[in-house]
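In the two complexes that follow, chain A is the common piece, with chain B as its partner first and chain C second.
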Partner chain A sequence: MRQHRLSLCKQHYLLWLPDQVERFIKKYQMFTKYERVLVAVSGGKDSLALWDILWKLGYQTEGLYINLGIDGDISYSDRSMNFAQSFADQRQLCLHVVDIKDQYLETVPEISMRTKRGREKPCSLCGLIKRYVLNQYAVNGKFDVLVTAHNLDDEAAILLANTLDWSLDYLARGKPVLPLKPGFSKKTKPFCRIYEREAAAFAILNGIEYVRDECPFSIDSKQLFYKKHLNEWEDKQPGTKLRFYLKYLSALEKGAFPSRQDSADNLVHHLCPNCGQPTTTGSLCAFCKLFKEKSISEENSIIK
Partner chain B sequence: MRQHRLSLCKQHYLLWLPDQVERFIKKYQMFTKYERVLVAVSGGKDSLALWDILWKLGYQTEGLYINLGIDGDISYSDRSMNFAQSFADQRQLCLHVVDIKDQYLETVPEISMRTKRGREKPCSLCGLIKRYVLNQYAVNGKFDVLVTAHNLDDEAAILLANTLDWSLDYLARGKPVLPLKPGFSKKTKPFCRIYEREAAAFAILNGIEYVRDECPFSIDSKQLFYKKHLNEWEDKQPGTKLRFYLKYLSALEKGAFPSRQDSADNLVHHLCPNCGQPTTTGSLCAFCKLFKEKSISEENSIIK
Partner chain C sequence: MAESNATLILNKEKLQCRSKTPLWKVMQENQISVSAHLAIRSGELITDDEMINPGDLIELIPVVSGG
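Take a look at the complex of A and B:
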């Protein structure tokens, strides 16, 4: 870990990383051992390493895998699910599964092809669907907190993208803990200060099997582009990503973007008339709009 | 100009750029034709192109060249001064010259070698000296406004550096106009929305002779590093720099970094006991400290 000027052997590394994670869970008041934690599990190295660490630390965790129906040479989503299921079975942990095709009659690639947002920005559409389903599952299942395995590389890349764009609403909400609000589960990111390669090293050293290829849709995503640049800076100056992220958190504490932060908190005034989830407008929420478009286009094709 | 999807012939380009600059001078209320403008002139393409444009637009300008005493194969500073002097002579404009060695008994490279800040960050030291001398000259000469030729590439690179570092005090002061304050001249940047290569094209098409090599000290500067990355993003998405800068200005308007902005405005409480310029602390200003260090080290060497 060049940024910490620290080298560890396998044995100590496998103790060091969980220790770090527990420190951040306590520091940012993410959750306690008395709370029920829903872990968003993709079958990749980050989410399985995180779940393993939380389990070893003695937190009360259950997993949620969302089968998005993404194809590849052999179905990418099915392979990912198998890794998540084996992981859970080996540890006798409970893995919940939501199948998008079963639940909403279309896979994510199908929704993506049908909608303008999906065709232009498939990662943004997929993110919307995952956020919606995860939140709904955590709220309905009365979990105390929803946990995602976003690592430091993810957070720094999103932060860089939002900064280059000066997206004030997003910049106001970049904390590792988003509090419970009506209709919204508490959300936390225990890996927010863990580098991607630290999580990968933990998974590999632990013999955790995970899906190794990137999602076939993400190859040209903007996030990968920003990650590439951040990696170059990190190579030149180890610790760049961590400093960028931590100084941002400290800027938030010092009151950067305050007016927006207030307005972002006050944005929720309405409930979606279809699903009852909170939304910023009086009409359908962004998720339900995806399917309204479908029924309209089906009606049109019947009329034709 | 890929970012504007605009191509122009020489004749129209030489009309278009001054027109753009005049638009920004008015939009940001930089100065009027009734005010005395002091242009900071380095002998490079940006400052000479800017001075030429302001002169052609009919503004009341005088130039100030600071001879920093920077050497090179043939003295870099002397060559730069000659370009600035010829430019002014050809147009019968008044060029003031401050020679750092005459005024402070040391060249900038000498001050740089002697001080910790100068050895570690020569560009930062040089910036401090130039800001101090320019401001003092503008205030003492009762100019209404001090103008520097920072272009969009400069502003975007500084902004990116300050953002990666979340330097809230700097982020609060990144506007193209800094207002008049006790002890501080009004400062403006009429090229803030002009790309570096637009300024270069104007200088070349106009037959303006300017010093073409970069300062020999700046070769490894951080700013050049950020410029390289911004150039890559600009290549991939024309207009990236302009959007980054304009969205930042609009974020400032919307109240990002407000508490810091207030505190930055309120920082000046003291006058430097040596030179009388405003300073943030009760002791010597950063500029006078550079020379106090010298007299202390001279005293020490006499004692030894």
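Take a look at the complex of A and C:
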């Protein structure tokens, strides 16, 4: 690990990474061993490695898998769910599953095809649906904290995108912990300083089986584009991604990106009249609007 | 192909490469990002400063995901 100027054997690596994760959990006051933690599980290397580490460290975890109904000729969602379920079964952990098709009568690709947002940016639609379902599940299930396995590479790629766009609202809320607010669960990212490569190495060394196929929708995604360039820099200057992220957190701490009065965080949240989740619009939340669009298009097709 | 060569496997494609060279250098020569891959030889994960031996079969596993 050139970025840390450290070389470890398998045995010590498998001790080192959980130690690092626990250090960051404590440093950023993410959660304690007395709290109920809901882990967002995708069946990929990051979320399964994180769940394994939290379980071994003695945290009270339950997992949540969201079946988005993505097939892509490889049964992507079902295969991912099988990896998550096998992982949970082997460790006798509780995995909750929300099936989008069962719950909302459409898969994410189907929603994507009929909505403007989905056709233009399927990943953005997918993100909206996952954020909504995860938050709703964590709040309704009375979990103390929702944990996602965003790693350092994810954070650096998001940071790069937000910096290129000067998205001040997003830059103001890039901390690894988002506090509990009415209607919103506390959210944390214990892998925020863990390289994607380190998480993958942990999964492989630990014999964790994970889905290796990429989401069929992620081809040409912006995030992969930014990650590719960040990795080119990292190859030439090991530690670039970590430095970029840590310097940003330090600048954030010093008030470089103050939260503006008109930012989404500071707006008064109303309750969505359909689902009761918080929204800044005063009408339906973005998630419920997806399904309102469906009923409007169905009404139009009946009129025709 | 000279006997002192080795083979890299990336996305099911085989790539002949020279041996007696550190892995990172061979990856660099083939424009494969070290930061974006892990390497497995004989079922064991190896670091990128390991020397490649003649006849080695090294699988490179992409680690980047996202959407």
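The rule is short, and it goes like this: the second predicted complex is superposed on the first by the 298 of 304 C-alpha atoms of A that agree within 3 Å, B and C clash if a C-alpha of one lies under 4 Å from a C-alpha of the other, contacts with A are read in each partner's own complex, and residues count from 1 in each chain.
Definition applied: a residue touches a chain if its C-beta (ideal position, glycine included) is under 8 Å from a C-beta of that chain, and two chains touch if they have at least 3 such contacts.
Given the structure is predicted, the values throughout are model-derived calculations rather than measurements.
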item	value
Chain B versus chain C as contact partner of A:119, first or second or both or neither	neither
Touching partner for A:23 - first (chain B), second (chain C), both, neither	neither
Which of chain B and chain C A:229 touches, first, second, both or neither	first
Which superposed partner A:33 touches (first chain B, second chain C, both, neither)	neither
Dominant toucher of chain A (residue count), chain B or chain C	C
Touched partner set for A:7, first chain B, second chain C, both or neither	second
Chain C-contacting residues of chain A that also contact chain B	232
Interface residues, chain A side, partner chain C - complex	7, 10, 44-46, 123, 126, 153-154, 157, 195-197, 199-201, 204-205, 212, 214-215, 217-218, 221, 223-224, 227-228, 231-232, 234-235
Chain B to chain A touching residues, read off their complex	163-166, 168, 171, 225, 229, 232-233, 236, 240, 243-244, 247-248, 250-251, 254-260
Touching residues on chain C, where the partner in the complex is chain A	28, 33-38, 40, 45, 47, 49, 61, 63-67
